[in-house]
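So that you can tell them apart, the chains are marked A, B and C in the order they are listed, and the count of residues begins at 1 in each.
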Amino acid sequence: MTEANLIALLTDFGLKDPYVGIMKGVIAGINPKASIIDITHEIRPQDVLGAALVLASAYPYFPEGSVFCSVVDPGVGGKRRIIALETQSHRFLAPDNGLLTLVCERERVVESASVEERRYFLEKISATFHGRDVFAPVAAHLAQGLDLDKLGARVSEITRLSWPHPQMERNTLTGEIIYIDHFGNAISNMDAELLKSTFGDDLLKITVDCKGHLIQGLSAYYAQAPPGQPIALIGSAGFLEIALREGSAEKDLGLRRGSSLTLKKGK
Amino acid sequence: MTEANLIALLTDFGLKDPYVGIMKGVIAGINPKASIIDITHEIRPQDVLGAALVLASAYPYFPEGSVFCSVVDPGVGGKRRIIALETQSHRFLAPDNGLLTLVCERERVVESASVEERRYFLEKISATFHGRDVFAPVAAHLAQGLDLDKLGARVSEITRLSWPHPQMERNTLTGEIIYIDHFGNAISNMDAELLKSTFGDDLLKITVDCKGHLIQGLSAYYAQAPPGQPIALIGSAGFLEIALREGSAEKDLGLRRGSSLTLKKGK
Amino acid sequence: MTEANLIALLTDFGLKDPYVGIMKGVIAGINPKASIIDITHEIRPQDVLGAALVLASAYPYFPEGSVFCSVVDPGVGGKRRIIALETQSHRFLAPDNGLLTLVCERERVVESASVEERRYFLEKISATFHGRDVFAPVAAHLAQGLDLDKLGARVSEITRLSWPHPQMERNTLTGEIIYIDHFGNAISNMDAELLKSTFGDDLLKITVDCKGHLIQGLSAYYAQAPPGQPIALIGSAGFLEIALREGSAEKDLGLRRGSSLTLKKGK
């Protein structure tokens, strides 16, 4: 794998405190030429599922050899492992709490390690901030090309989240909202492939029922909708989403993570 | 023009989702040596006017050759064009929705293009996220020195926003608040040049009436005011603004974008 | 001192406006190879004490030669000085308003300057945005290795904040909350050294009283607590903090900056 010397950061640390800046300072001390890109630091505190989704929608767009350092880590200081995985094009560092579930579903893992070799950590390791003491220095070394087998033993099994999968019953496909974005768009767990294999190519003939709001057919893009009217469309990560032009599906339709929606053919 | 290989980003994407990070990942894949600077990603969703203002206050401070990639794009996926403009010192990429109105008022445009050449886009183009699929890759190429004529035909006319201009009537200059900043300072559409040409150099003798709050004379800086008392001063972008020391003109005086204010000579 | 050519930024400018991006544009124009790391821009407006704390928790983790450019500056445009300090490993630029109090308590200052030499500023200096006109360009020059004595005369005395120090009386140590972080953890002014010198090594036998909530003994890490039960632990910056697993000590216990807490031995 080419080394991009690029570290992408994903945390629930927020931007108010110095935590993210400190991680970058640690990286700069070890690997001053590394490029650092923030995916986001606004994952809801301790929302491992949200982090897994956001990571999965982002990593395919990063150059080969990028290192993804994800720290949403309610178990910090306890017995949870930290793992490093290598796929054919990227490397991932995260607590072993399910954060890498989707990466493992979608990619072939070619190498892995339970991160234990303290020579790649900061000298003094706190029990509360492994982002600074473990993740940042290990990511800095990985981006420089450190082999995973230097970090610790291969892992045979990683923790996986149970994922809410859409269900088909009597011609009705039932899914749920799994993510609300900044614009209030409500993104479901039903992707374009599933819709096509279920309903065929003509997605204009689907009816979406979303908390009683009936939407006829899929739109191609946001501006196709009249202002204030909910539309369904395939969003940028490939999933069916509900949106409201000049509005918010979250606020105006009351959609939340976990809200269910059903699809069927015809009106 | 010197190439700075610097891309400045301005969007309404917020920082909660991976959208901005994904754009940076795409840029890094094409142009790994580019420097990327965030102007802001907290433009109010779909607020093209706000984006135009923020861009205009920022670009003069960037080095020659910088590329400004602005994505506030309610029309994404529809028929709106994407345009690239080159002035004597910078390059600008934006949807053709008025976002570049102020740049065009203030700079001489020396080259332009309607961005259509798909070889500079990502291979697969969604209908909902051109920031990732079009803007980021094109900006990456522009920062490397790509000529605008490679992107598409020159544009003869660009979309311009109608701008709220101050009005003079019977010795009274009436303007309005066009931007509220993080500190709650309320920034108007009246710049220092206009004030001087209207009232002469002695701005201590102006009276500002702002929702019934009368302010006598302009202050030079924030700390000149007693705590809690509104002051008027020329802000850092050259516009008259209303501020409240240890307070917020927005919250404490009820100022909003669109609030009118009047100036006249004397008390 | 090695030059890292790294500038760490700390402000109360927020991320909504272009202010931080403009500072980075100015830096890039002077020192295009500088790395820029954001510590945070979400210091509460004009909260010099908060900025001092955040800076103190961050700088030790940055590489030697880093320049810390801190702009929380309610006195901008007035008579307050801007100072530059050099310690054995870092350089600091800030308004002389107490922001560097903790740096001076903890480090030996080997060089200092009152920043006055206008050749290192932007040509035109506003009265309201010295971050852009003074701090950014001076930081850019410092990161390139400019000697402090080029900036102005040495300073003999700097402004210091009066710090809330813990008090011991009749076997009870009384301190206060000085910072609330993104997770709602409430961080006190009592550090691990003080606790050990006061109570000995066995911190399991301390009782913390925090607005009537009694906490027996210190935990090692967050996940040790049952959900919803407050715990006390030594946080990542070395201070005693109150936390609530899957909750917020701020919201759920009503802790604020300034809330007092007492510690004594035994139950």
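Assorted remarks:
Operating definition for what follows: a contact is a pair of C-beta atoms (placed from the backbone, for glycine too) under 8 Å apart; a residue touches a chain by one contact, two chains touch by 3 or more.
All of these numbers come straight from a predicted model, not from anything done at the bench.
Superposition angle, chain A onto chain B, using Cα atoms only: 120 degrees, a multiple of 5 between 0 and 180. Taken over every residue number at the interface, the positions common to chain A and chain C amount to under half, indicating a different-residue contact. One simple way to say how far apart two chains are is to compare their mean CA positions; for chain A and chain C this gives 31 Å. Within chain B, residues 15 each touch two or more of the remaining chains. Remark: chain C residues 13-22, 24-26, 28-29, 32, 45-46, 74-78, 126-129, 132 touch chain B in the complex.
Against chain B, the residues of chain A that register as touching in their complex are 4, 6, 8, 10, 15, 35, 37-42, 54-55, 57-58, 61-63, 66, 181-183, 220-224, 233-236, 245-246.
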